[in-house]
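Here is the structure we will look at, set down as C-alpha cells.
Naming follows writing order (A, B, C and D), and every chain is counted from residue 1.
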Amino acid sequence: MTQDLVARTRDFIAEHVIPVEEEFRGDVTAAGGDAARIRLQALARDAGVFAPHVPVELGGHGLGMVDRAPVFEEAGYSVLGPVALHIGAPDEGNVHLLNEVATAEQRLRFLEPLARGDVRSGFAMTEPAPGAGSDPAALRTEARQVEGGWVVNGEKKFITGADGAGFFIVMARTPGGATMFLTDADAEGVEVGRHVPTMDRSMVGGHCEMTFRDVFVPDAGVLGAVDEGFRYAQVRLGPARMTHVMRWLGAARRAHEVAVRYAAGREAFGTTLSELGMAQQAIADNEIDLEASRALLMRACTLLDAGERASRETSIAKTFAAEAIDRVVDRSMQLCGGMGVSDDLPIAWIAREVRPFRVYDGPSEVHRWSIARRAVRRITAG
Amino acid sequence: MTQDLVARTRDFIAEHVIPVEEEFRGDVTAAGGDAARIRLQALARDAGVFAPHVPVELGGHGLGMVDRAPVFEEAGYSVLGPVALHIGAPDEGNVHLLNEVATAEQRLRFLEPLARGDVRSGFAMTEPAPGAGSDPAALRTEARQVEGGWVVNGEKKFITGADGAGFFIVMARTPGGATMFLTDADAEGVEVGRHVPTMDRSMVGGHCEMTFRDVFVPDAGVLGAVDEGFRYAQVRLGPARMTHVMRWLGAARRAHEVAVRYAAGREAFGTTLSELGMAQQAIADNEIDLEASRALLMRACTLLDAGERASRETSIAKTFAAEAIDRVVDRSMQLCGGMGVSDDLPIAWIAREVRPFRVYDGPSEVHRWSIARRAVRRITAG
Amino acid sequence: MTQDLVARTRDFIAEHVIPVEEEFRGDVTAAGGDAARIRLQALARDAGVFAPHVPVELGGHGLGMVDRAPVFEEAGYSVLGPVALHIGAPDEGNVHLLNEVATAEQRLRFLEPLARGDVRSGFAMTEPAPGAGSDPAALRTEARQVEGGWVVNGEKKFITGADGAGFFIVMARTPGGATMFLTDADAEGVEVGRHVPTMDRSMVGGHCEMTFRDVFVPDAGVLGAVDEGFRYAQVRLGPARMTHVMRWLGAARRAHEVAVRYAAGREAFGTTLSELGMAQQAIADNEIDLEASRALLMRACTLLDAGERASRETSIAKTFAAEAIDRVVDRSMQLCGGMGVSDDLPIAWIAREVRPFRVYDGPSEVHRWSIARRAVRRITAG
Amino acid sequence: MTQDLVARTRDFIAEHVIPVEEEFRGDVTAAGGDAARIRLQALARDAGVFAPHVPVELGGHGLGMVDRAPVFEEAGYSVLGPVALHIGAPDEGNVHLLNEVATAEQRLRFLEPLARGDVRSGFAMTEPAPGAGSDPAALRTEARQVEGGWVVNGEKKFITGADGAGFFIVMARTPGGATMFLTDADAEGVEVGRHVPTMDRSMVGGHCEMTFRDVFVPDAGVLGAVDEGFRYAQVRLGPARMTHVMRWLGAARRAHEVAVRYAAGREAFGTTLSELGMAQQAIADNEIDLEASRALLMRACTLLDAGERASRETSIAKTFAAEAIDRVVDRSMQLCGGMGVSDDLPIAWIAREVRPFRVYDGPSEVHRWSIARRAVRRITAG
C-alpha cells in the first residue's frame, strides 16, 4: 500500500505542484500563500494523497515513521509539496504531539481541524537571545498560575507559520519546569510580529516574532501535565527531525536529478559533462550522501516505530543528513555552472531552502555536543 | 600611500556604502541601479577613493596589482563597494584590457569615458550552451569580413552589466582564430535580452542574454590584432580573476567579523558562544582560509606586477580563494544560527554573492583540470 | 542466537586475541604467522566462535550476511581477530564462492579442508601493471586448452595469503572470456614470489607476487563454467566487500573507544580533554561515521540475503565505509596526541591496517566511477 | 646565492641521500643511526651544503628564514635529508635559541660543537601527562635553588634525539615562572629511558622518555635569565615550526612528484591514469595545497626575518601546512593504488613521517584555539 501511495504522491507532485513551484520559483508567498495552500491541499485530497501521517480515524493514511519516509521524500521533491500534502513544519509535528498528549476536548477543538487542514498551527518555543534556543534551559517566557488557569508572558522568535495560524502550542516556564499551553491565535494578548527575513521561502506564514502579553489560558488549555513541557518537546522533536530529513531528501534528490540530466545533455571538451571524471565524482558523492542519509533515517525510524526515544539515532541522522543534503545541492549547483546559480533551474531555490536545516531543529554543533557526551558516558561506562 | 588609501576606503565604505547596502539588503537594483551607482561614485570621487586601479593619466590612482589588493578588499567589505569605487566586473577588467591594447582613437572613445565612470561596459564572450563557456574553443559567434569592417552574428549569455552598458567588447570567431570587437550598445543589431535570474544581486545591469544580429563593426572597432582574441582574453583574465578574489575577500572578512562579534556577545551554555570549542574551530578555520587566500593572491599579484602571465598562480589562487571564501561565509552563517540565515545580518546576502564565484571566471573544475595538466607536464619533464 | 554469538565473540577477542595483538603490536608475522593462526583458531573452536560464516553442514555457524555483521565487527575489534575466527580475506570469500559454485569433488577436496581451517587459500586475480587491477578487462594471464585440461601462464601480484596457502583460485583469460581454475599450491609451475611490503601486517601469508608457468589444470579443476570467471568474480566480490567493512568497523570502533577513554581521563586546560569542544566534535563525527557505515552496510546485507546482486549498494557501502573508517581512526589518533602516533596505544597499528582498504577491493575512484555511471543511466532513463 | 645553494642541495640529496633512504625505506636506525648521520654530514660538508642555517661565523651559510625555506624544502625531499644537512629537529632550533640567548661560555661549550655537528642535543620540555604538553602551564619538572646553582627533578617524554645527545636544554619550573637549563648528557642524574615507539623513523636518537633526578646545574648553566623560560620557548618555537614546515613541504612534494610520474606512466581504462578526471582533481589539489602552504610559510618567514614574533602567522602556517601536507601525501598514496600503500614507493614511509606533524609542535587543535582567541580579541576591539 505504501508503494502505491509513493507512486501516487510522485505523480501528484509532478502534475500539480511542480508547475506552481516553477512558476513562482519556490516562493510560497508569491504563489499565493494560504490561498495556494488551500487550493493545493484540495487537489491532494482529490488525488488521495492528503495527510499520509494523520491517523486513519482522523481522516489520514495513518502511516508510521518507516512508511512515511518514502512518501514524504516524494512530497519533498517539490519545495511546495509538503504544504500540498499538509505534512510541513510545524503542523505535521503538532498533529503528532497532540495525538499523543491532547485531552478529548483538545482533540475536538484543536487536533481535528488541524488534521483536516482547516486551520494551521504554530509551535512557540524558540525565543530571541538570550532566551530558549539551542539551550532550552534558557526559557524566559513565564506562566503564572491564577484562578482557573494561567497567564503567559514572553517573547518568541522564529515561530514558523505563525502569521495566519489558528492556534499555538506555547512553551512557558512554570514553577516546577516548563509547560505547554494551547491558545487560540485570536486570544487577547497574542501578537504576531514581523516575519524574520530568512532565506527560505516555502513555509506559509513565515518565521515570525511573537509576543504573549498577559495571555490567559484556562486549565483546559494545558497540554499534557504541568511541568512536563521539556519531556513533551522531546516527544515531538525526535520524529519531527526525521520528517524534516524525509522532506529535504526529496529536495536534494530533485537537485541531483536535475544536475545529472543537465550533465548528461551538456557537451563539453569533446564528450558529455557526465562522462568527465570530476563530474562523475560529484555525481557519485551525491549518490553516496543520499543513500547514507536514507540509511540513517530508516534506522532511526525503525526504532521510533518500535516505541523507543532514539534520541541518539535521530540526532545522528539529523546532523548527517542536514549536512549531506546541503552538500548534494551544492554539488548539483556546481555541476550546472551558470545555470546552477540561476533560477532557470530549481537548484538555486532548493539551496535556499536546505541551508537553514543545518540550523533549524538544533544546529549541528548542539547535536554534536549531545552525541559526544552520550558517547563518552557509554564508552567510559562500558 | 597605499596604506592611506586603504584607510580612506575603509572609512568611505563604512560611512557611505554600508548604510545603503543594509537598507536594501545588498540588492543594487532595489537600491536604485544605475542611479545608485552614479550617486555612490560621486561620493567616492569626493572622498578621493574613486578608481584606484585606473592609470593616473586617466584620472585614477594607478595602483598595481599588489597595491590594489588591500584597497579592493576594503571596497569589497560591502557588496556594493566595488560599484561605488568603479572597480566591479566587468568594467575594471575592461579598463585593464583597453589600456593594454586599445588604439589612440579607441582610448578616446571607449577607455576614457569608461575610466571616468561616465559609461559602463560589457564583455561579451560567454555563450549559451553548446557555445563558448568553460571551453572557449566552442565559440560560435562569428565575424564575417566585409568591406571596411566585419559583420558579427551570434548569441551571448551571462553578459555582466549588459543592461545599460554603453559599449561592448565582443569575442567572435574569425578565419584564423578569434577576434575582439568594440561596438556601441546602440549599434544596429545589438540586443540585450532578459536578465538571467542568478542568485547574486550586486551587479548593476545584471547578467544578460544578448543577441548580435548582423552587427557591423568598422575596422577601427577591432580591438588589437585580428585573430588574437584568445590571447587577449588571457591578458584580461589573469588579473580579472585576482581582482575578483580581492573583492570577495573583503566580503568574506565582513561575514567573519560580523559572526565573531555576534559570537562574542551571545551567551550560551554558561559562557559566550565564542568561548565554545566548536565555535573556536570555525573562527580559526576562517582566519586560516582568509590568510591562505590572501597569501596566494599576493604571490600571484607579485608575479603579475613583474610582467609574468602567471596563469598557474592565478588559477591556483582563484580556485583556492573561491572555495575558501565560500567556506568562510558558510561558517560565519552557521555561527550566527537563526540570525545567520536571515537578512537581519549581512551574511545571508554575502553568501548569495560569493557562491557563484566558484563558477564565474572559470569553474573550479576547469581550473583544476588546467592546474593538473600543467603539473603533469612540468613533473614528467623534470 | 546471533546476539549470543556476538557476546561470546567479544569476550573471546578480549581474553585471547587482544593480549597477543598488543604484545606483537598487531603484526601477525611477529606473533608467529601460521603457528599463531593455528593456535588462535583452536582457541576459537573451543570457545564456540570459530567460522561463523561457514555453512552449518561444513561445521560453521551458518550466518547470513545480516547476522555476520555484528559478529565480524566484534572479531575485527582486534586486527588479529579475523585470523582467529577464520573469517579473514581471502579465505572467507573463497568459502563463499566455493560453496556457491564448486562441484561435489571440489567441495570435498578444497572447500571442506578450507572450511575447517586445515588449509589456507589464495585468490589469484590481480596482476602487475598493466594487467588486471582496477580494470579487470586488462587480464593478461592466459589459459590454453589442452587435452584433458588447461595450461595456465601469467604473473599475479598482491595475492593475499599466498605464502603458505594450500591452493589457489586463479583467474585466467580463456577464448570466450575469463575462467576460474583451482590448483594446488604445490602443482608444478606455481611459484610464490616476494611479499609486497605493504603497510598492513595482519594477514597471514602476506600480499605476494606469483608466477604461473605452464601450470596444468585438469578439467576437474575448472571452477564453475568456462568463460564465466568475471561473473563469478562479482558473486564473490559483493559479499567480500561487505565482510571487509564489518571487520574494519570493529577496528575503527576500537580506535574510537580507546581515544574516548583516553580523552575522558586526560586533564587539560582545567577540565578533561573529552569536555573540550573540538574533542567533542571529533568524538561526535566518529559516532556519526560509524553509524552511517553500519547503516549502509546493513542495507546492502539485507539485499544480499534476499538474493540480490546489490552491486550499487555494496559499492556505495564499501566506498563510504572505507573512507569513514580511515577518518575515524585518524581522528582517534589526533585525540590522543603523542600517544596516538605511538605504538603505546593500538591506534597507530590500526591506522596502518585500515588505510589500504581505500585501495583494496577496488579503489574509491573506481567505485565512484561505477556509481556515477549507474546513476546517469538510471536518472536519464527515468 | 640562495638559488645556487638550492640547486646544490637538490643534487646532493638526489645523489647521496636518496639511495640510502630507499635502501633502508626511510628508517634512520636501520641505516645506521648516528654513524649514518656522521657519514652523510661529512658528504654534505664536502658538497658545501652543510648547515645552511648556522651563522657564518660558526661555519654555516647564515641563511635567514626566507632563504632557508627553499633550501630546507630541498633537503626535506628525502626524509633523511635534514639529518644530512644538520637541519633536523631539535638541533636546528637549539642552534637558533643558543645563538640568541647563550653566554660566551655557553656558546663555546655548547653552541660551537653543536653547530659543527660534533654533538647532537635535546630540548627537554614535554612531560608525560598530566605534565607540560599542549598546555605548557602544566609544567611539573622543578628546579630548586641551591648554593652555586640549581637542582632539577622531573620526568620528560617525547624528547627527540635524546638517545645519544651530548647535552640538553631542560625546562623546569622555578619560583617566578620557568627557566631553561643546560646540562651535559652524562651529568649525574640524567637518564634517557625507552624510545617511545612512534610511527616516524627519521629522527636519530628517537623520541625518548627521560628522568632528571637531583641533577645539579651550576649557575653558569642557566640559559638566559631565570624565570624567562616560557618566553624563550616562544623565541624558539615560532621559527622551529616554520622549519618543520619547510622540511615536510619537501617530503610532500616528493610524494606528489612520485605519484604524478606513476600516474603519467600507468595505463588504465584506455588512457593514462593522469588523464582521468578524478586523478587530475587529486593532482590539482596537491598543487594547490603545496602552493598555499608555501605562501603562508613565506609570509610568516618574512615577518620573522623582520624581527617580529609573528605568533599568529606561524600558528596559521603550521596548522594549515601540517594538514595540507598530510592530505598531499594521502592523495599521492591513493593515486598509486597498491603500489602507494607499499614500501616499493617512498610514499608509505613519507606518510609515516608527516602524520605526527599534526601533533608535534602543538596539535592543530591547540593552534586553532590560540588563533581563535586572538581573532576574537582583535575583532571585538576593532
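Assume contacts are C-beta pairs under 8 Å (C-beta built on N, C-alpha and C of every residue); 3 or more make two chains touch, one makes a residue touch a chain.
In this text the structure is predicted, and so the values were computed from the model without any measurement.
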Seminar exercise, completed: Farthest CA centroid from subunit C: chain B
Exercise. Quick check: more C-beta contact pairs in A-B or A-D?
Worked result: A-B
Exercise. From the C-alpha centre of subunit B to that of subunit D, how far is it in Å?
Worked result: 41
Exercise. How big is the gap, in whole Å, between where the Cα atoms of subunit A centre and where those of subunit D centre?
Worked result: 52
Exercise. Whole-Å distance, subunit A centre to subunit B centre, using C-alpha means?
Worked result: 38
Seminar exercise, completed: Touching two or more other chains in subunit C are residues 276-281, 365, 368-369
Problem set entry | Touching residues on subunit D, where the partner in the complex is subunit B | 256-257, 260-261, 263-264, 274, 277, 279-281, 283-288, 291-292, 295-296, 298-299, 313, 316, 319-320, 365, 367-369, 371-373, 375-376, 379-380, 382
For this session: Sort out for me which residues of subunit D touch subunit A in the complex.
Result: 276-281
Problem set entry | Of subunit D, residues touching subunit C in the complex | 25, 126, 129-130, 133-135, 138, 157-158, 196-200, 207, 266-269, 276, 278-279, 333-334, 337-338, 340-344, 348, 351, 355-356, 358-360, 363-365, 368-369
